[in-house]
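Alright, structures below, take your time with them.
One chain, chain A, links the two complexes that follow: it is found with chain B in the first and with chain C in the second.
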Partner chain A sequence: MEHGHEIGSHPLAHFAGLTFNMDTLIMTWITMAIVIVLAIAATRRIELRPRGWQNFLEMAVVYLLEQVETNMGPKGQKLAPLIITLFLFLVVGNELGLVPGFTSPTNDINTTLGLALMIVAIVHVLGIKNKGFTRYIKHFFEPYIPFVVINIIEEVAKPITLSFRLFGNILAGEILLLVLGMLVPYFVPTLWLAFSVFVGIVQAFIFTMLSISYLSNSMQDGH
Partner chain B sequence: MRKDKNTLLSAFNTAASIGFYLVSSVAAGILLGRFVDGYFSIAPWGTVWGIVLGMIAGMWSIYKKVVGGK
Partner chain C sequence: MVELNGTLLAQIVNFLLLVVILAKFAYKPLMQGLADRQQKIADAIDTAERDRREAEQLKLEYKQHLVEARAKAQAIVETAEKLAEENKEEILKSARAESAHILQKAQEEVMRERELALAQLRSEVVAMSMAAATKIVKEKMDTELNASIVSDFIEKLDEQKIGGMPC
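Moving on, here comes the complex of A and B:
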């Protein structure tokens, strides 16, 4: 394999005092475009008996709606579009890196940490909105007052778990694909490529499910 | 219903995420500990206690995840 493809280093662009990872930015745009095109293609001619893209998207949407309904109850319906978009973005983003010439937007910690911080911010805002400010503060001191330190560490750990799991799995998958391509060409990388397709879907699913479970904790107004 | 499928998937989800709770709690503990070290200039005690509390927090969140029913 040539030395043209480096994973983990990004072409940088500087603008207005900020640094941009250009490949991540462009791949994110491509992912967004694919998600939009997919959604339009699947809903343009809706049929009672779904075919093609409509079939695939309907399966994902129905399953996620079911999860939202069981975990968050009827209140969670408002968040369903967010959850479904998140899942589609992650699936397309994770699989994009397996196409030669493209990289995953999710192999950059900035993307995954951004998504995780968005989820955690929504969790806290919804928590304050649903429980009220005093009860929201009080839940940090449960079950006993000294647990406040542990609860705060847990809250800080949430975006770290969410983002690093996705980032690590996708980056490691792409690096291993390149290394295998150099060491044992053709057959073994093909197997790993097939497995990476599975890993991409599973990681998108885990990220979405954990987001649902974090969000559902802040939606509950009982105990 | 599709209860079995859901249980299997959520079990898979738990299994895949449980190790990360331990690691990320320690990471968060170190992060907070280093911040405390810098703020109060008491290095290395902030980091040391951050790691210890991070381990406890990791165990606590795994306990809640496994025993807490959800």
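Moving on, here comes the complex of A and C:
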């Protein structure tokens, strides 16, 4: 149970003046490798009648594509690979921590905040691109000028809530799994493990859907 | 425990890398496959709809054909019945005519036979009465007269070709 004491503290590496959490990076690469292998295996030969893994992946992807289409319209199609990749990465990353000996890359605030900041950055870039710079700035002062405070708080809150929700859920899940394993072995941790599988999928889904929702706001031409 | 550092940047780079890789190697074939499937399903539905319409058309046609055929059959049966009736009448008429003809012929035949028989009978009666008369008057006639009468008689017999009678 040495592993349990390591959660939250990371072995560090220094490179080019920056500090990196090596365990998070390694788990991220493992997650990426798994996602790539699964995605390519599932799409290498698209069959007319989907079977097995392809069927499952397609179900998720088609659902996400529908969400992208209904929320963002035809312009959002360009972002579809990003959304789908986000969901696959988060699902695999969340579930990876449930495998003994592995941790989730999403149990590090650097991962979740990084993803959230990236999404928010895309939101603002697209907002400027779609609405024009003046209208983009103007929409912070709507409906009345004093609302600028609330609007800016909202914009700042977006990446923070997005990243902390995922980070907290996954880290807490892993910590609780280890704690339960030490307190009441076998049965209760197994139940929690099963629930964590569910939580991992749900959190990935929430993160993805909120990202779609934020992105769709900036895709609209109105206001 | 919660500490931001260079990992954040690395994770963004990692994720964007993953997006690029997936977009290139998985997203395109997936979309192609989905599009193909959609096309195929649309085609299948179209074909099914077309087939269904065709089948309906055919069914309608067949129904019409059936009605026509039935009407035709009815007409044929009616014609045949009428023809048979006519034939029957004709046959009966000709049969009646034939029978009447045969009857008439038979009656004529009978009449002729009767006439013939009567004539024969008459001539035979004449011959017999002549023969009887000859026998009766034989005693009282001279030979000469007798001979003439006899020869007369014989001649008459020859004339009338009534033979088989002993003289």
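Please note the rule applied: the second predicted complex is superposed on the first by the 218 of 223 C-alpha atoms of A that agree within 3 Å, B and C clash if a C-alpha of one lies under 4 Å from a C-alpha of the other, contacts with A are read in each partner's own complex, and residues count from 1 in each chain.
Definition applied: contacts are C-beta pairs under 8 Å (C-beta built on N, C-alpha and C of every residue); 3 or more make two chains touch, one makes a residue touch a chain.
Computed from a prediction, not measured in an experiment: that's the story for all the values here.
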Partners on chain A (chain B, chain C) - clash or fit: fit
Touching partner for A:Thr161 - first (chain B), second (chain C), both, neither: first
Contacts of A:Ile206 with chain B and chain C, given as first, second, both or neither: first
Partner chain(s) touched by A:Val125 [first = chain B, second = chain C, both, neither]: neither
Of chain B and chain C, the chain that contacts the larger number of chain A residues: C
Touched partner set for A:Ile152, first chain B, second chain C, both or neither: first
Chain B versus chain C as contact partner of A:Leu183, first or second or both or neither: neither
Minimum C-alpha spacing, chains overlaid - chain B and chain C, in Å: 15
Shared contact residues on chain A - chain B and chain C: none
Residues of chain A defined as touching chain C within the complex: 8-9, 12, 15, 18-21, 24-25, 28-29, 32, 35-36, 39-40, 42-44, 46-48, 58, 61-62, 80-82, 84-86, 88-89, 105, 108-111, 113-115, 117-118
List of chain A residues in touch with chain B within their complex: 66-67, 70, 147, 149-154, 156-158, 160-161, 164-165, 202, 205-206, 209-210, 213
In the complex with chain A, residue positions of chain C that touch it: 1-12, 14-19, 21-23, 25-27, 29-30, 32-34, 36-37, 40
Residues of chain B touching chain A in the complex: 2, 6, 9-10, 13, 16-17, 20-21, 23-25, 27-29, 31-32, 50, 53-54, 56-58, 60-61, 70
